[in-house]
Amino acid sequence: MQMIAEKIKEKIKELTENGKISRVMGWKKGLYGYDSEPFVFENGDLRDFTYDAFSGANLCKYMIAQSKNDGDGKILVLLKPCDTWGFELLDKEHRIKRENIYALGIPCGGMVDIEKIKKSGVKGITEISEKEDTLILKTMYGEKEVNKKDYLLDKCLVCSSKEYKDCDELFMTDLCGDTAEYDRFEEVEKLEKLSSSEKFEFWRSQLEKCIRCNACRNVCPACSCVKCVFDNDNSGVAAKANANDFEENLFHIIRAFHVCGRCVDCGECSRVCPQNIPLHLLNRKYIKDIKELYGDEDEAALLTFTTEDKEPSVVYERGKNNV
Amino acid sequence: MYKLPFEEINKLFEAVSLNTALYVPVKKNDTVVYEKYSENTIYAYDELNTVKSAKDFFFPQVQDIAQFKLRGKSIEIINNEEDYESFAVFGVRACDAKSFEILDKVFLAEPADPYYKERREKGVIITAACEKPDEVCFCTAFGIKPWEPSGDVSVWISGGYIYWQANTQKGLELTGKIKDIFNACEENEIEYFKAQIKNICGKLPFGNLDLKYFKETDEKDIFSSSVWDEIYKGCLGCGTCTFVCPTCQCYDIRDFDNGKTVERFRCWDSCMYSDFTKMAHGNPRKTQKERFRQRFMHKLKYFPMNNEGIYSCVGCGRCVRSCPQKLNIVKVAEAFSHD
Amino acid sequence: MQTDRGVTAEKEFQPKIIAFCCNWCSYAGADLAGSGRLSYSADVKIIRVPCSCRINPMFILRAFQKGADGVILAGCHPGDCHYSTGNYFTRRRMTLLFSMLDYMGIEKERTRVEWISAAEGAKFSATMNEFAGEIKKLGRSKRLGDLRCR
Amino acid sequence: MQRIGVFVCWCGSNIAATVDVKKVAEELKSEPGVVYSADYQYMCSENGQNLIKSAIKDYSLTGIVVCSCSPRMHEATFRKTASEAGINPYMVEIANIREQCSWIHKDMATATQKAIILGRAAVAKVNLNTPLTEGESPVVKRALVIGGGIAGIQTALDIADAGYKVDIVEKKPTIGGKMAQLDKTFPTLDCAACILTPKMVEAAQHENITLYTYSEVEEVKGYVGNFDVKIRKKARYVNENLCTGCGECTSKCPSRKGLNEFNMGLDGRGAIYIPFAQAIPNVPVIDTAQCIKFKTGKCGLCQMNCPSKAVDFSQKDEFIDEKYGAIVVATGFDIITLENYEEYGYSMYKDVVTSLEFERLMNAAGPSKGHLERPSDHKQPKTIVFVQCVGSRDTTGCGKEYCSKICCMYTAKHAMLTREKYPDTEVYVFYIDVRTPGKNFDEFYRRAVEQYGVHYIKGMVGKVYDDGQGHLMVRGSDLLANEQLTIKADMVVLAAATKADESARKLGTMLTASMDTNDFFTEAHPKLRPVESPTAGVFLSGFCQGPKDIPETVAQAGAAAAKVIGLLAKNKLKSNPCVARADSLICSGCSNCEKVCPFGAITYAETDVNDGTVREKRRVAVVNEAVCKGCGACTVACPSGAMDLKGFTNKQIFAEVDAICRQTGE
Amino acid sequence: MTENEEKKLCAEALIISGVKPEKCMKCGKCSGACPSYDEMEYHPHQFVDMVSKGQIKKLMESASIYKCLSCFVCVERCPRNVMPANIIEAVRALQERPQGTDRLTPDEVKNILDDDTPQQLLMAAFRKYSR
C-alpha cells in the first residue's frame, strides 16, 4: 500500500505541475494509524497524505461542495472502484460540476474495518504499520500482528466489481485485488425466508438501536438532496429524533425508498453506522427486487416502467411459502 | 468498602434491583447499550463504554413536556407529570460520571430543568474503574481519574473480585440495603489496582492532550484562526459525535399531533445540522465550517469561559470512535497545539 | 366470540381503512358504486387524488402511524391512465414499497393496489368489502402504528 | 387561520334519509377553523347557493366545505358560487357524503359518523388550501386535421368556413379515404363519388385549407392552444407544383406489377400512378418498390415523357414544422385480415371476397368497369352468399369483440344492388342478428327482403369448400328451419370486421390521447363529451373513436369542428391551476421528476437561490404550468419533496389522512 | 325425472363441461359447421340452448349424443368460446356413467387385479362407472 501511496503522490505532483489540478481530495493520516480522514490537500502540500488499509471512506460525495465554484480550478478526487459508482450517480443527477473535477481511479485490494479488529479483543492501538497483508499493531498492552484479509470491511467482503466508472484517468488499477466470491444477496435471501414475525423481530431489534444521527444519510451518495425531507419542517415528516419505534421504521423505510433504484450498493451506510445496524440489507433488498422483477435497466427503476411490469400483488405471491 | 467474588456479580445486581430499577451495560445486537437488569442480563464488563453515553438517563433523547388538547376554540394544557421511578445505573465510567457535573451546570442552574432535576435526584450512579483504558481515552487530560471514578458508588473489578465503595449519601443508603451480600474488605485492598490503572493511563497517547492554546488564546483569535478552514472539510454534517457525546446538551422542542392532543416534546439536536440555530431570517452559521467550529469552540472555549475553566469534554473517546470519517476533538486540539 | 376470555360484549373491532382513489377512474368507480347503491364497508374512507401516481409512500406510512389498519390504492387500469403513464409508475413504486414492508415483517395484507375503472362500480364495492373483511380478520395494526396515536 | 363555513346538503332525502345532517353540521362546527355551519335541502339550488354566498359575506369566510354529492358532480358549481361571493374558487372542498355515504349505507348512525369523518377531512384540507389562479396561455389560430377521409374533410371544411386556417395531413397520396372506394351509399343509394368528390375539391380549393397528402405526423409537442407538430411529407418523386396531372407518365410506365390499392388489389397499376381518376391532388406518386428506375437505375420513361418536367427522382422527404391550437384525429378505419378464418376460405378461393372488394367489383370505375364478375374466371356469378359478422362480435381473440355496426346495412345494400342489376342472381345472406337502427335503415333492409327477394338466413356459415367443379359449397345452419343447408354458390362475400387504422396507436402515443384496447380513441366523456379526447385540445372525428357509418361520421365531424372553432375563437386559454410546483429552495436539480413527467412539462434552469442560509446559483426544476396536467407523478419521484402539487399538496393529503384516522368519540 | 332433477343434471352438465351457455349469441355457426348434423336429432346449438334452459332429458335419451363425432369443429368455429362439444360430452357422460350394472367397487378390484391389467385401465373404469 505504501508503494501505491507514494506513486499516487508522484502522480498528483505531476498533475499539479502540469496545471491540470489545483487541489486534491484524498486521505490524511490520523492519530492512531487507523483513522485516516478525508481531507483536501491544497497548494501542492501533501503532508500527511496517506492511502492505506483504512482509506475506506468514499470521497465522491465531497465533490458536491468541492466542485461548486468554477473559480477554484479542478479538484482531483481519488476513487476506488466502488467509489466511482456513487460518483457516476452524482454526475448523472447533476449534483456535481463534472468539469471542475479530475477523477482518478486508484487500485483497491479491500479496506480494513478497525472496529472488527477491536472487537477481536485488541485494545489500546496506538500505531499501525502494514507489511503486505499483515498489519502490525502497536498497542498500550503490547504488539500484535493480524492478517488484513480477516478484518475487511463488510462492503469489501462482497466486493462485486472492479469496474471504474466516469473516471478521467485510471492509475495503476491493474493492482486491484480480486472481487469477492461471496454472494451479496445471501444475507437478504436469508431474511426473506424468515416468517413475517421473525422478520419483524429482526428489524425491530436492529432499528431500535438507531440514534438518528443521520450518518448513513449524510454519507450516502444517493442521499444528495439539498434539503432532506426529514430536515424540512414543511414536509410533514421532519424529525430530529426517533420518538418511538414507528419513527425508526419510517426513517429507514423512506430512506430506502428514496434511494431505491439509485443506490449503488457502496456499503457506506453500514460502515458509518455507530450502532452497527446492517442498513445495507435494506438497500440491497431493493437491488435484489429490481433485478428479479425488472431485470437490468439503464434507468433507475422507479423512474421508468414497462407496460408488462408485475402487479404489486406479486409481493403476496412471492411471500406465500413463508407465512 | 465491600467486596464480592466477581462470579457472583448477578447476586449484587439482584440485590440492587430489588430496591430500585437497575441498568447495566450489555452487549446487544452488535452494540453496547444499557439494559434494565433482569435475570438474563450479562454485564458487558470488558466493554469500556456504551456507544451512547449515560446522559440518556437524565437527559433522554426524547422527553415529553406537555400536551395540548384542542376542542373548538379552546386549548387545554396538560403538563407532563410523569412519575419517575428511582433507578441505579451500574458501570458508569469515570468520564461519564464527570459529564453529569457538566450537565448539572447547564440543567440545574436556575431556572433548573425539572425533568433533569428529578431524574438526577432519583438516580444512583454506580461507577466502575477502567481496568483497561483504550487508546481513544483521554479523560486524564481533563483531570479525571479513571482509577478513582466519582459517582454515588464506585466499584473496581479486579483480581476476581468486585469492590464496592459508597461515596455519597445516596450511595450509602443503597449500600445499607444490600450490604448483607458482601464480604468485608480492607480499604487498602484496591490500592494496587488503582496504581495499576494509573500506570496504564500514563500510556494513553493523548492522556496529556495539550489544551494550552485554547486556555490561553483569546476566543476571537481562535474563532478567526485559519486552522478551521482546513480541518472541517471531512465533516459530513451528521450528528453522530453530538449524539454519542456525554456532554452535548442541545435540544429542540417539537410538537406532534396524535389525533387527540398535540404532544410537545423535546429531543436532542445537533449543532452539526444545517438548520440548527435557524431563525426567521435564516441561519447565522451558513457553512459546515462554522458549525464544526461552533461545536469545538463551545466545548473547549465558550463553556470553560463561563464555567470556571471546566471544559465541556470528558475525554470519553466516543466521538473518536464513532465519527464516520474519523474527525474528532483530539484532532482539533492537536491541530491547534501545533499551530 | 371471545366469551372464553370472559370479556362480555367487547366492542367490535372497527378497522380504519383509507382508500386513495384516482380522480378519473377509481373515484368515479366509487361514485358509480354509490349511484348503484352497492354497499361497502363504512370503515373505508376515500381520499381523492388526481392520479394514483400522486400517492407518496409517506402518505401510506402516515396513515398507519395515525392508526389506520389498512391502506388501499385504487387507480385506472394500466394503459388507461388519464395521464397516460401515471399508474405504471404507481405499479412499480407500490410493488417495491410493499415488498419492503413485507421484508420488514409488516403484514403485507394491509396494503394493496387495485385497478378499478370508472365503469366498475361493482368491482369497487366488492373490492372494498373484501379488503375490509381481510383487515378485520387481521385485527388492529400493531407493527406499523405509533403508540402516541392510540 | 382560515375562517371556514360548512354547508351540509340534504339532497332532498338522498342524503338526509340516511345521514343526520343536523348532527353533521353541529359536529363539524367544532372543527379547527370552522366559524359557520349550516344544512339545507338542496345546496346546489339557487337558494342553497345564495345561502353559501351570504354566509361567505356575513361571516367573512375564507374557505368553504360543502358536504354533498360527488365533487365530480357539483364541485364546479360551488367553486363558481364561491367565486361570485368573492373568495377564490379553489378555497372550496367537497365532502362526498352521498355517493360515498348515504347511498351505500343503511344504518343512520354509521352513515352519520362516516359523514362527519369525511367532513372533517375536507375541513382539514381547506385549512391548508391556498387561493389558486388559473394560468393563461395564448391560442394559435390554426387547426390540424389528421386523416383526409370524409371525417377529416368535413371537419376541415367546417373549421375553414368559420374562418380559421386548417391543415389536413393524409398518409395516402390522395384524400378521400374509404368513402372514395365505395360504390353507393345506404340508405339512399346515391353514388359515393358524386357526393364525396365535390367535397374533396372544395377542400383542395378552400383558401383556409392546406393539404399535406402522402404525409404523416412525425412528432407532437406542446399543449392545448400551442401544439408544435412536425409533419413528414414523403417524397412522391413528382413535383406537385409543376405537375399538371396529364397522366402521360402513368400510361408510359412499363412496370405493371403493382397492385392497385384503390381497387383492393383486384387489378394492377403502374409504378408511377394516380390512385384514381378524381384523386386530389391529381398528382402521381412513384412506388419505389415497383419502379424500375429505383430498382435498377435504368428506365426513367416517365421523366422523359413528362411535358412539364415534374418527375424528380432525387426528391427527399420534407419536414414541415407548424404550430396549431387544436388537433383533430380522423384516422378512420380498416378491415381486419381474414387469414385466421380458414373456414371461409378467403385465402384459398379467389371468389371469396370481402365486402370492400365487392364494392369495387360493383363500381363503374372498378376493375371490371362495374360489371359484376367473379375474380377467378370473370364470369357473372349466379348465386352469391353474403356472410355477416365475419370476425365481429368474436371473443376468441381472432377477430374483434365489438359489433362493426355498418355491415348489416352495406350487406343489405350489396344484396339489393345485385338483385336490381342482375335479377337472375340468387342472393343469400347469413346473419346472426340484423341490426338496423337508424333513419330509414330498417325500411331499407326490409326492402331488400320484400322487394328484391334477398334470402336472409338466420344462422352462420360453418364451412366454405370447393366442390371441384368451380363452385363454392357454403355450409351453414338455418336455425329457424332447424336444418343445416349447403348452398352451391359462385361467389361468397364476407362482411369482415372493421378495426381502427394501424396508424392510430402510434398517433395516440404521440398525442398522449388515451385509447381503448381496440385502439379506438377514448372520448373525454362517453355521453357528454363524445368528440373530445381526454387530452385537452385533441378532438375526435369519425371512425377513429368507434364504428360509425357515413351520416354519423359527418355529424361527428361537424361536432368536432364546432368544438375546435369554440377553442380557436378564444384568445387566451385558462389552464388548470392544480399543477406541480418546484420549490427552488429545496430542489437539487437531480432530474428525477423530469424523467417521470408524461407531458415534458419540467425543464431546468440555473437559478439564484437564497434560503437565508445558502445563497448560490443552482440547477433547479421549473414547471411549465400550461403543459403540466397535474398528475403528481413528479411529486413522488422527488425525494426531497421539492416538487409539490397545488390543490393536492403533501400537507393537504397528510391533513386528510390525519383527520380520517383521528380518534373519535372522546 | 322431475323438473328439479332435470335442472340439477343440467347444472351438473355445465360444471362437468365448464361451459358458460350465457356467452352464446345464438349465431348457429356450430351447427353450420357440424359434419354430423344430419345424423343428429339435436344439433350442437340446441345442446347449448336446451341445457341452459334445463331440458336435458330429451338430449340424454336421444341418439344424438352417440352421433356426435367429438370432432370439436363446433368448438373451433364458435366465435364466443362456448364449446358446444364439451357440453355434448357432458350430457353423454351423465347418460353413461350412472348405468350401475357394471360398476366396480373397490372391494371387487382386488379380485380382478392381475399383473397384466394396466393400472390405467382400472383408473379409467373407476372414473367411468363410479360417478
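Which chain is which? They are A, B, C, D and E, in the order written, and residues in each are numbered from 1.
Rule of thumb we're sticking to: a residue touches a chain if its C-beta (ideal position, glycine included) is under 8 Å from a C-beta of that chain, and two chains touch if they have at least 3 such contacts.
Remember, it's a predicted structure, so these values are computed and weren't measured experimentally.
J.: Which chains lie in contact with each of chain D and chain E?
T.: Looking at chain E and chain D together, no chain touches each of them.
J.: So which chain is the furthest away from chain B, centre to centre on CA atoms?
T.: E
J.: Counting C-beta pairs in contact, which chain pair has more, A-D or B-D?
T.: Spelling it out, more C-beta pairs touch across A-D than across the other pair.
J.: Name the chain with the Cα centroid closest to the overall protein Cα centroid.
T.: C
J.: Find the geometric centre of each of chain B and chain D from their Cα atoms only, then give the gap between the two centres in Å, rounded to an integer.
T.: The mean C-alpha positions of chain B and chain D differ by 71 Å.
J.: Distance between chain C and chain D based on Cα centroids, please, to the nearest Å.
T.: Each chain reduced to its C-alpha mean, chain C and chain D end up 33 Å apart.
J.: Using mean CA coordinates as chain centres, what's the gap between chain A and chain E in Å?
T.: Each chain's C-alpha centroid was found; their separation is 69 Å.
J.: Quick one: report the Å distance separating chain A from chain C, using the average Cα coordinate of each chain.
T.: The computed centroid separation for chain A versus chain C comes out at 37 Å.
J.: Among the residues of chain E, which ones contact at least 2 other chains?
T.: Expected reply: no residues.
J.: Touching two or more other chains, which residues of chain D qualify?
T.: Residues 596, 614, 637, 650, 654, 658, 661-663.
J.: Among the residues of chain A, which are close enough to touch at least two other chains?
T.: Within chain A, residues 227, 229, 236, 243-244, 302 contact more than one other chain.
J.: If you go through all the chains, which pairs of them touch?
T.: Every touching chain pair, ordered by label, is A-B, A-C, A-D, B-C, B-D, C-D, D-E.
J.: Please name which positions on chain D make contact with chain C in the complex.
T.: 70-73, 96, 98-101, 103-107, 110-111, 113-114, 117-118, 121, 512, 514, 517, 522, 534, 578, 596, 598-599, 629-633, 635-637, 645, 648, 650, 653-654, 656-658, 660-663
J.: Which chain D residues qualify as touching chain E in the complex?
T.: 343, 389, 393-396, 398-399, 430, 432-433, 458-463, 475-479, 482, 484
J.: Quick one: in the complex, what on chain B touches chain C?
T.: Within the complex, chain B contacts chain C at residues 256, 258-259, 263.
J.: Please output the residues of chain D touching chain B within their complex, sorted ascending.
T.: Residues 29-30, 32, 611-614, 658, 661-663, 666 of chain D touch chain B in their complex.
J.: Using the touch definition from the top, list the residues of chain D that touch chain A in their complex.
T.: 585-592, 595-596, 604, 614, 616, 618-619, 637, 639-642, 650-651, 654
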